[in-house]
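Next, two complexes with chain A in common: one pairs it with chain B, the other with chain C.
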Partner chain A sequence: MMVRMGQASNAADRRDRRFGYALAAPSLTVLFLIILFPVLSALFTSLHEYTLIAPNFDTFTGLANFKAALGDAEFRHSAWLTLRFVIGVVLLEFVIGFGVALMLNKVERFKPVYYAILLCPLLMNPVIVGLIWRMFLHPNLGIVNYLLGTIGISPVNWLGDTKIAIWTVILVDIWHQVSFMIVLLLAGLSSLPKEPYEAARVDGANAFQCFVHITLPMMRTVIIVTLLIRFIFAVKTYDLIYIMTRGGPGVATDLVSYFIYRTAFVSLNIGEASAMSILLLTAILALTAYLYRYMRSLN
Partner chain B sequence: MLKKLLLGSVMALGFAGSASAETVSILMEGVPDTEYVKALVPEFTKETGIEVNLEVVNYAEMHTKLVPQLVAPKGSYSAIVVDFYWVGEFAKAGWMQPLDDRIKADNFDTSAYIPALMDLVGKVDGTTYMLPFYNYAMGLTYRTDLLADAKNQADFKAKYNMDLRVPQTWDEYLKQVEFFTKDGFYGVVNQGLRPDPIAMEWSNYLFANGGEYHDANWKPTLNTEAGVKAIEQYTTNINKYGPVGSASFGFDEAFNVMAQGKAYSYITYNFFRTSYDDPSKSAVVGKVEIMPVPGATPDKGGSLNGAWGWAIPKSSPNPDAAWTFLKWVESKEIAKKRALAGGSPTRTDVFDDPDVLAKYPYYPALKKLLLTSHNFAVFTYTPQLVEVLGRELSLAVAGEKSPQDALAAIEVEFTELAKKDGKLQ
Partner chain C sequence: MAGIELKNISKVYGGSVVAVDDISLEIKDGEFMIFLGPSGCGKSTTLRMIGGLESISKGDLLIGGKRMNDVDPADRDIAIVFQNYALYPHMTVAGNLGFGLKLRGVDRGEIERRIKAISSMMGIEALLERKPAQLSGGQRQRVALGRALVREPQAFLLDEPLSNLDAKLRAAMRTELIKLHHKVGTTIIHVTHDQIEAMTMGQRICIMKDGHIIQVGAPLDVYRNPANTFVAGFLASPPMNLVTGRLEGNGGGDLHALAGAARLPIPEAFRAGYAGHSGAAVTVGLRPEDFHLAPLAGRSVPVAVRTVAVELLGPEVILVAELGGAGGPEIQARMPRDFLARPGAELTLHYDLTQIHLFDGQSGTALARPQIA
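On to the complex of A and B.
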């Protein structure tokens, strides 16, 4: 009897599962078409000499496009610069974001007001952010240098100095994206159970010890997911560069996404641009896979 | 009976089809000259019954919107406007229809156009593909009130032992730049942003020093005395005689510095001339004039030429209607109306027209500017060359490369591109 019941429920399960797949099939197909197809098409293109002047797949070039990309000192420079930019942006935003999230977690009154203020930059289009800051940071007519001038600081060459420009872009990116970190980390913080903290207080732990031994370990998964999402977005930074510096002065802010864009739409060399995108995708995938496995190992 | 009825109704349908107005669609950039065309279009529709649909977008979007329509066998644009940047690429890819037969059949006079513009956005290797639409050649805009000031004149004479006047040569202009830089006021403002602002502006410095991009065989001629001097002067002007940050200015930011009365001069696109007299944009109304960028000697000019041309793409759904529109919009009468509205002309007869001259007294200067202007290196890979120029010039201005090294790097890449295009053997 038991066995037969088990079999029956198995059959029902299987029917359920099949029905589930059938329901999911349309959306899976759409996902396949809009995600996997472009990736495969880029891979195919990257193996051919495909330019917009002669848009055809007549010449198979194998790995020549990848070789050309990796042999290009400019591409390597922009990849290296992007790596440093991403680490800088993500770490700084994390530190600031976590700090603010911890403070906000304690706040009892006017929480929605703080949320609304914090979310404002996040809701803005990056192009608009870039344009606004370009005006703010105008060396002679901008408000930032004017305010600095009132306290006796001489005008800063925000976007025209090779040493300062990348930091200016990092600062603007932080202004724009830090609330993303705050919101995600705050959601994590507010879902933490209260009991461990009460127990720790009974044991005489101070606030710092509570943070290191309770908050951090319990928040680990949220932190990794937040860092991962932010990391992927940061690698794709393009709009800010396009609006604010065009990769200049010199090559000081020439991030890899903007470089790939130029290879595709200025040099019209879609084949090589696809190869570069595939390289970038591989790097991001590898890091994502590593972080994902690390996260799984924690649970 | 039934047959007749059917035939009749089919014919009726056919007539209805041809009677419903034909539409000419054109993709255009959102600039003043497009507005002047737009304002006149109802006249064309009244005359010919052809509707005109102008799709106006930002420059950055134009190329990406155009290419798919040009590659397709039947695109959606009847006519297009072509920046001189794209001429080489469009011609090489075979995207434009030759206009010579239409020009001949209709006796359209192309000799009215300023020759340099016809070379830039008209003919490619002897075949006419475009009609020059408007020019955006660069000129030197400068403060007339400062030149006329008696104290400035006396000080300048004492310092340089020459008169302070509208500069006749490039060296004289550079002395004025040095002279006017004092007490938080700048001799010059530059547009040093990568890639096209810096590349376009620097070209004037190259031409003013007597340099050119290439010789008759497309061999690059940049790493020369003229090229080195041009980079040195450009770097000095940005770092010593210009406002902080001009190494990253686009043209709007540089224009604002000039329009706020904080600089003596600015080399820029000639369509900005009208903006200086607009009180909502400028604090120096009536105090700024435009002239050709001076050359090594008074009879030579150093201005960079630039222009847009009208063309009919191979993929045009209705080339005949498109030609009717082009013929109309480029006729003397309509070109004059556009000029009177504030447009930048391309025809000599419009430049010499008494009504136009009465309204815009500085047009003789603009005409001289065009006649003495120099063309950029126009070939299939012009956009890439601009990228290379932007990068290397920006590195030189930032002091990370010597002028010689930057020019050598540009020459290497320019040579490669010219070879790839078959221009250089």
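On to the complex of A and C.
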């Protein structure tokens, strides 16, 4: 009797599962067509000599495109630049974001107003952000240099100077994305239990000790997840570069996404560009897998 | 060790919400004091003001004779045990116990020695390397108590520390806290809404309602001589039956309370106190345990009741009945465990008149009479 009941429920389970797959099939198909197919196609292309001048898969080159990409000093430069850009952007956004989140966490009045203001940049398209800032930062006509001029600072060539341009991009990215950090960290902070803080006050901890011994350890998971998400997104930065600098001056802001774009659509070397994007995808996937595993390990 | 004194203390939130209204209380050095009251009565707020987690809006707080109103919680030399334990989730049990000492700059050897002593006292030596998430509720409670004890403070403030435990564990921890108080002899203030905790644990109970202290006294004293209908209806389970009635008769032998159809002669000892209220509306307080099946020589009076329901609790039976017959006010009476009655059955119980309580019909304040000892 028991055995039969077990079998019956197994059969029901199987039926449920089949029905579930049937329901998911249409969206899985669409996902396959629009995401997995291009990825596989890029992988296939990366193994061939495929240029826009000779768009065919006649010559199988194995890993030659990957070797060429890794051997390309410009690709290595942009990969290295991207790494520094990402670390710089994420760390600065984290420090500013955590600071602001800590302050806002203490605020009791007008909280929704602050939220609304903070969310404004996040709601804007990166292309628009780039266009606006390019206008602001125009060496002769921009408002930034005008304002600096009123307090006697000589005009800065924000996007034209090889030493300054990357920092300008970093600053604009911070302006655009720091609210993301603030909002996530603030959500984390406001969900922390109050009692350990009271216990710590009775135990004799001052504000700094509370922060080090209570806030940071309790926020650990939120911090790691926030950093990883932001890291993954920052690696893909493309629109800001395209709009503001086109990788220039020279190759001073040539982040890897933009460099891949140039290889594919300026140099017309689709095969090598595909190999580069596969490399980039691998790096991002590795980060994502780590993030996913980390988040699962929390449960 | 130190006594704690509250002088006309008030807590006002946002300029208008009065959580605690002008209370004064002296807690003696080494005393086990209970703050008892329903949710929102201000007992936790009072405790938190003593602990320094809430500012004091008005009045003075003295610990060990020194004014502590503006002293940092850490410098009041008190320890607080929170309702949900408030352990540091990322620290081990040993880390939790030692954190306060570490912040105070106690040297490492001494910290370890104290952690060892306290953990063996609380029976948590085996848990020292665990994190709070890996502990059961009872174990967390022990760690929280241990964290308070390890600092050897002048007073312990316990904010409903047992309310998150299951019934069996709660009873066990009650006994343990009492033992602990005997052992360390430190002043303890224990906030609770559980009247069993209040009756069993404290040397004195301070009963609060709506930000006021209603009554302070030894548990049995408060039980026997409740100051008003609120205290009468709050302590003990089932609580005192409160029946609207009237005091009648002249000062002599015919002075009696009418409760529903029941006529309850006032015993001689109380007559002088109650006589002045003759003719007034009163609330008659009858404890369920003062109804008996057989007459008590010279001090009981038969009362007719009609059975409504019978609750079999095992060690005793709670009889729910209408006083004076059908349609009378509903009362509860404690009966022996073998008592049986069908709903609707008419019975005669014997009420112990020496335990009668009369309260002002309007204000609910107990009418003056000699205290029952």
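Heads up, the rule we're going with is that the second predicted complex is superposed on the first by the 248 of 299 C-alpha atoms of A that agree within 3 Å, B and C clash if a C-alpha of one lies under 4 Å from a C-alpha of the other, contacts with A are read in each partner's own complex, and residues count from 1 in each chain.
The rule is simple: a contact is a pair of C-beta atoms (placed from the backbone, for glycine too) under 8 Å apart; a residue touches a chain by one contact, two chains touch by 3 or more.
Quick caveat, the model's predicted, so the values are computed rather than measured.
A.B. asks: Put chain B and chain C onto chain A via the superposition and say whether they clash or fit.
C.D. replies: These partners fit in the superposed model.
A.B. asks: I want to verify one number. Taking the Cα centroids, what angle sits at chain A between chain B and chain C, in steps of 10 degrees?
C.D. replies: Apex at chain A; the opening toward chain B and chain C is 150 degrees.
A.B. asks: Quick one: chain B or chain C, who's touching more of chain A?
C.D. replies: Touching more of chain A: B.
A.B. asks: Can A:S267 be said to touch chain B (first), chain C (second), both, or neither?
C.D. replies: first
A.B. asks: Thinking of the overlay built on chain A, is A:A165 touched by chain B (first), by chain C (second), by both, or by neither?
C.D. replies: Only chain B is touched by A:A165; chain C is not.
A.B. asks: Looking at A:A205 after the superposition, I want to know if it touches chain B, chain C, both of them or none. Which is it: first, second, both, neither?
C.D. replies: A:A205: touches chain C, not chain B.
A.B. asks: Looking at A:R15 after the superposition, I want to know if it touches chain B, chain C, both of them or none. Which is it: first, second, both, neither?
C.D. replies: In the superposition, A:R15 touches no partner, neither chain B nor chain C.
A.B. asks: State whether A:P193 touches chain B only (first), chain C only (second), both chains, or neither.
C.D. replies: second
A.B. asks: Is A:R293 in contact with chain B, with chain C, with both, or with neither (first, second, both, neither)?
C.D. replies: A:R293 contacts neither chain B nor chain C.
A.B. asks: Could you tell me if A:G248 is touching chain B, chain C, both of them or neither one (first, second, both, neither)?
C.D. replies: In the superposition, A:G248 touches chain B alone.
A.B. asks: Rounded to the nearest Å, state the minimum C-alpha distance from chain B to chain C in the superposed three-chain model.
C.D. replies: When the complexes share the chain A frame, the smallest chain B-chain C C-alpha distance is 52 Å.
A.B. asks: Considering only the contact definition stated at the top, list the common interface residues of chain A for chain B and chain C.
C.D. replies: Common to the two interfaces on chain A: nothing.
A.B. asks: With touch defined as at the start, can you tell me which chain C residues reach chain A in the complex?
C.D. replies: For chain C paired with chain A, touching residues are 51-53, 72-75, 78-80, 82, 84-91, 99-100, 103-104, 147, 151.
A.B. asks: Considering the complex alone, what residue numbers of chain B touch chain A?
C.D. replies: Chain B reaches chain A through residues 63-64, 67, 71, 89, 92-93, 192-195, 198, 243-249, 253, 256-257, 260, 262, 380-381, 383-384, 387, 390-391, 394-395, 397-398, 400.
A.B. asks: Give the list of chain A residues in touch with chain C in this complex.
C.D. replies: Against chain C, chain A makes touches at 193, 195-196, 198-205, 209, 213-214, 217-218, 220.
A.B. asks: Residue numbers of chain A touching chain B in their complex, please.
C.D. replies: It comes out as residues 52-55, 74, 134, 138-141, 155-162, 165, 245-252, 262, 265-268.
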